[in-house]
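Several structures are given next for inspection.
Across the two complexes that follow, subunit A remains constant while its partner is subunit B and subsequently subunit C.
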Partner chain A sequence: MIDNAAVELSRLQFGLTAMYHFLFVPLTLGLSVLLGIMESVYVMTGRAIWRDMTQYWGLLFGINFAMGVATGITMEFQFGTNWAYYSHYVGDIFGVPLAIEGLMAFFLEASFIGLFFFGWNRMSEVGHLTVTWLVALGSNLSALWILVANGWMQNPVGAAFNFHSMRMEVTSFSDVLFNPVAQAKFVHTVSAGYVTGAIFVMAISAWFLLKGRNSEFAKRSMTVAASFGLASALSVVVLGDESGYTASQNQKMKVAAIEAMWETEAAPASFTIFGIPDLAARETHDAVKVPWMLGLIATRSVNQEVPGIKPLVAASENRIRSGMVAYGALEQARAHPGDADAKAILEAHVKDLGYGLLLKRYTDRVTDATPAQIEKAAWDTVPNVLPLFWSFRFMVGIGFFFIAFFAGAFWLSAKRQLDRYRWFLGLAVLSLPLPWISSELGWFVAENGRQPWTIDGVLPTFLSASSITAGNVWLSLGGFVLFYSALAVIELFLMVKYIRLGPEADAGGSPASLAPARAGE
Partner chain B sequence: MPTRRFERTRVPRTRRFTYWREIVGVLCLKAVGLTLLYLFFFAPADRPAVTQMSVAHHLLTTPGSETRDEVNHDR
Partner chain C sequence: MAFLDYPTLRVIWWLLLGVLLIGFAIMDGFDLGVGILLPFVARSDGERRVAINSVGPVWEGNQVWLILGAGAIFAAWPTIYAVAFSGFYLAMFVVLCSLILRPVGFKYRSKVAGHRWRAAWDWLLFLGGFVPALIFGVAVGNALLGAPFAFDETLRMTYHGSFFGLLTPFAVLSGLVSVTMLTMHGGTYLAAKATGPVASRARVAAFVAAFLLIILFAAAGVWAANLQGYQISGVLAHDADSNPLGKIVLRETGSWLANYRSMPWTMAAPAMGFAGAMLAGLTTWRRYDIIAFLASGVAVFGVIATAGLSMFPFILPSSFDPASSLTVWDASSSRTTLLIMLVAVVLFLPVVLAYTAFVYHVLRGRVTERQVEADHHSY
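Showing the complex of A and B:
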């Protein structure tokens, strides 16, 4: 029998680990590119202040990297222990991008980080600049492979079920790699990381200006961050729209749940800006709607409908019935591997096998499920609407705030008035947590919106978890919380310490105040 | 493009040492912490062994017998 407590605790543990790991990832992505930009300017102009900027922001990058590195490895631990059925069922596909990420991208990044820090006095300027860009490339390639894996969970293409091995197997790796969902998620996530890096530089530089210290250093840092941040913030919204569009093509229930859209509206559908979704009553109270907007975003047309939750549940019921046929044929094919009829039926219905498996929550005899059980299982395909609805809106709201904020910063930078308005500097400092909040909300929307599936339409979450006890998961969860909380405290301590020390802090380079940029300059 | 070397640093060694001592300290703490987490909760002994038959038992009412197609999938 399935232990629901163990499943939910395993989900909580995985979610907490992933969210903790993702505190570090976006800053690594964004700062690594900013370091490349700053050092490029240094190599082109030879002005020492740009090298100081690269070294100081590199120093903070080093703390973030040291704190973040390997915190994601515990997710791999959990795949084997808490998610053993998942690992067997889809490991052939899911494991490949993860392995490539570890072998190629992470080692590229980790190797060149050493050269970045220790190569300043040992390499040519162009050689060191190349190293810095390779660190950025490695970070971004890491993100690519992770999002290829995650994109496959959202839209499982390039794979087929093998009833002999009871697992999904790769049929086309290029389909897995060029999965439109993965590609859209990659560019959206990476842009969000760039915004995080830009806000980080803006906020700390603004703090220096408010304190009346390191003003030239801070203003130049803000200038770079303002232009890079504006381009990135615009990209996040545009690419987020692309991500939403791919979701509307492949994960219609997720989109309907995010919009708390219970019925299909006449095209083009309106967008609910405010509302209080009620899953029990299956309606949204006090909804404030903007006409046409959802239809244009989700379908990019004025004549296509966006299906609502209730019609999608009815469609799920049909798929569950088809899945019951697949389930029966699978049992028959495994009992009699030579049974050609069973194999043909399985092949015809295998795309709905996952829907049939949803019934396992209510009955062991899936093929004999009652209409009431089918209806319950069909409603299980609806994710938790209320938190999805509001998480999405907060994320988008923060995204639009970033555009306005960076546009203002860019304008002030062009006018050379970055230090003129103290309220703007204060706003920059206060904005520091926002990119992390929006990133975590984005992941919450992506992953919670995929429920009840681990692999969308293929494998339900409750069947993915191992047959372990809730007590075991409680223990390991406790261990995680203790250890990761200690790490978070140390991270904050080190970051605050080196931010307060300012550009005078040094990890091995040479500040401008002590030496000219190039010998003989 | 010039390929001159950066000139040597003049920063006191103690300041650099503090930063790297803290970074190395963090990395050592993580190595120990992650190893302990692994040994206590995620070692092979804690990991359920999953085969095609156990998956079949988990998902199906009548799991059938162990079957093989042309490739050995239970590597």
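Showing the complex of A and C:
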């Protein structure tokens, strides 16, 4: 009944459309705050150049924002179209933050974005500044609710299985809301967005300076981006570490896979800085290790162990056996809702029900699974070690580069020498793609590392899909690839056009003007 | 009956589902209608920019009614979300693509001066209005007919239809009701918000659309009255855990009229549909633009409420396995979730309405060609 090709294609489609969507989201998050800062300076000093900066970066913001909105609708719809069983099974919990996101955050952002562009001559300066900050607040709150939803997929707290309705139902909404994984992820993700906005402003301003144009405009923009970027880069790395710490508390397998740690090591565990993990051979070739480091990051202690993949697989095997009992009791309870024994057995083993469901990949009769099937299902709990191992290392490497880069930029801006070193400006231009690369790697680590689950330990990915045919998914996937590629070409064309035109593109501004904008100043 | 018990909450969320969908149709409906009318009521580039900029600053907020509507179905009616979105898979994909055309179309069209570039976007914006209007109507038609789906013992849904299977004559008629309704609504909006030839042509369009809507809505009503509707047989507990397999459902010609017989006040909904459309047509002809727009909103409310009330307590019946039909009593979220969501709505929806009113207040006044030319932020 479940078409495996449809599952794999749906995964591909979700991954591609989500990563595409996230090309636009971080820039929206970062630039919206930068716009608020620039306009605040304008309102406080009255200098027209700060209004011109707000309007020009706002113009680029708008081009990007349209794509973020357009591709975001796809994400919301896809849970229903391609992951119908998931929607049924966890909609009671997962749907809530998505709906509140619309109600509390996206309404705010989308209602005021029109006034941001059309309200310059219709509102007071303070009024317009308020609008700009409300757009920034809306986009950041949006990220909060989306990450509450995503955090629950990684760490499904505050919910319990109900056999009558055959799904998970909420037991404590405050547990869902204050999920530590969600909180850590939120701050890590918005910080990454701020870094993206800062690098975007740095790179384009540096390009202006290299071309010898719009120098006053560019230097001021870089000054703002340098300090904002430094704070954000520090936050993204420090809170990334927080994210790793919370992951190690609840997703031990993800941490073990990212580290390619096959066996539990004596505490404190070493950190493998280089190696070629091999899932088939269950070992890492050519490993270079730094003693103690992993233990310190993951447990923040010198005597706690970080469990390895093989012992975790053995633990999964036990949970699968317990899940088989749960599944048998569930069948019994569904057929005879009055059967108190079945309900008691289900209750005792229900926390392992998800592990039992892993067997459905190999047999319809979960309760009769063979030891070989159980072993296979247990090894299914190991995600794809090699790409996780390397994606994580590149992401972290880029994160440390950002700290160094912004520290340099901050120092140069403090000495008012941002335009002095051409090599530094060149470096700024070349850094432009890095925040996008690291953000995409980060999402890959978070979501591929969650496999084989959509809801960690509760619902396997292959069971989450809709009962749709692979042919239909081929059609939609092909359609998305063509349509999104065309949109990407158009978006890049407009972005490049307006970057080349520069601040003069914004006909209402008087570029590089240092004169006070208000009479009497 | 305890305060806010499970059955009450289910009915409240059925009403709120209606509020959100009607909110979408009234607020984003006129954006869709303006998209449909764009190539016809506006001819020169200046005129088209007037039409586009009449919705330019507000359409994005309006679209959130759809996002929120979908999110609320996910949270409050997860089984309906799962069945409708995956069952109508390719139709949803087509809707998505056409909805995506709008943000980029509005934003990018006037960023390049070329005639072909702008003409291409104008037609894409037309599709971005026409296709969702049509497909949402077709979806409502299919809900009245019942969709071919069934659940297995683990509540996994299988769908036994196809994309073209959705396009039955009755469903296409429903789609046309939706298209004429939103065209009327967009026309009355343009009449009130635009200037010059755009506004005059929009009045003619709104008048014609209102006239067609009355005929098509009446035809769909007569047809629906003779459809095989659905009825729950026996007693279905209203406070049980949601399990759509616990009931027996009968099909009978004319049962979509049962609610109008047992609760005559529900006749107010179709009456509002007809009266609103008539009033909108008459007043737009006499250039009472604001009244026409409000009357059009009443018509939208009446038409959608008619569909919802005819089916209550059914939300999405199954033609393949009537027992799998989804109703108010067995397709909702848990009581806790409905309660949390209700609190969120009560807290935030008034705030949303307040700042929406503020935004429209700031942007009040008609849009003129000169104004569009003068403001370099215009679309």
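In the analysis below, the second predicted complex is superposed on the first by the 508 of 521 C-alpha atoms of A that agree within 3 Å, B and C clash if a C-alpha of one lies under 4 Å from a C-alpha of the other, contacts with A are read in each partner's own complex, and residues count from 1 in each chain.
Quick note on the criterion: a contact is a pair of C-beta atoms (placed from the backbone, for glycine too) under 8 Å apart; a residue touches a chain by one contact, two chains touch by 3 or more.
As the structure is a computational prediction, the values presented were derived from the model and not from experiment.
After superposition onto subunit A, partners subunit B and subunit C are found to clash with each other. Judged by the touch definition given at the top, the superposed model places A:433 against neither subunit B nor subunit C.
Look at A:364: by the touch rule set out above, it reaches subunit B but stays clear of subunit C.
When both complexes are overlaid on chain A, the residue A:327 reaches subunit B alone and has no touch with subunit C.
By the touch criterion defined above, A:471 reaches neither subunit B nor subunit C. When the two structures are aligned on the shared chain, A:43 is found in touch with subunit B, with no touch to subunit C.
In the overlay built on the shared chain, the residue A:124 is in contact with subunit B alone; subunit C does not reach it.
With both structures placed on the common chain, the touch criterion links A:291 to neither subunit B nor subunit C. Judged by the touch definition given at the top, the superposed model places A:110 against subunit C, while subunit B stays out of reach. Among 7-15, 151-159, 223-231 or 277-285, the region of subunit C with C-alpha atoms clashing against subunit B is 151-159. Subunit A uses residues 62-63, 66-67, 69-71, 73-74, 77, 80-81, 84-85, 87-88, 120-123, 162, 164-167, 169, 334, 466-468, 472, 475-476, 479, 483, 487, 490, 494, 498, 506-508 to touch subunit B in one structure and subunit C in the other. The touching residues of subunit A, when paired with subunit C in their complex, are 1, 62-63, 65-67, 69-74, 76-77, 79-82, 84-85, 87-88, 90-96, 98-104, 106-108, 110-115, 117-123, 162, 164-167, 169-171, 173, 334, 466-468, 472, 475-476, 479, 483, 487, 490-491, 494, 497-498, 506-508.
Residues of subunit B that touch subunit A in their complex: 1-11, 15-16, 19-20, 22-23, 26-27, 29-30, 33-34, 36-38, 40-42, 46-48, 50-52, 54-56, 58-65, 67-69, 73-74.
Interface residues of subunit C facing subunit A in the complex, by the touch rule stated above, are 56-61, 63-64, 66-68, 70-72, 74-76, 78-79, 81-86, 89-90, 92-93, 96-97, 99-100, 102-104, 106-108, 111-112, 152-159, 240-243, 333-334, 336-337, 340-341, 344-345, 348-349, 352, 355-356, 359, 362-363, 375-378. Within the complex formed with subunit B, the subunit A residues making contact are 43, 51, 59, 62-63, 66-67, 69-71, 73-74, 77-78, 80-81, 84-85, 87-89, 120-128, 162-167, 169, 327, 330-331, 333-335, 337, 357, 360, 364-367, 463, 466-468, 472, 475-476, 479-480, 483, 486-487, 490, 494, 498, 505-511, 514-516, 518-519.
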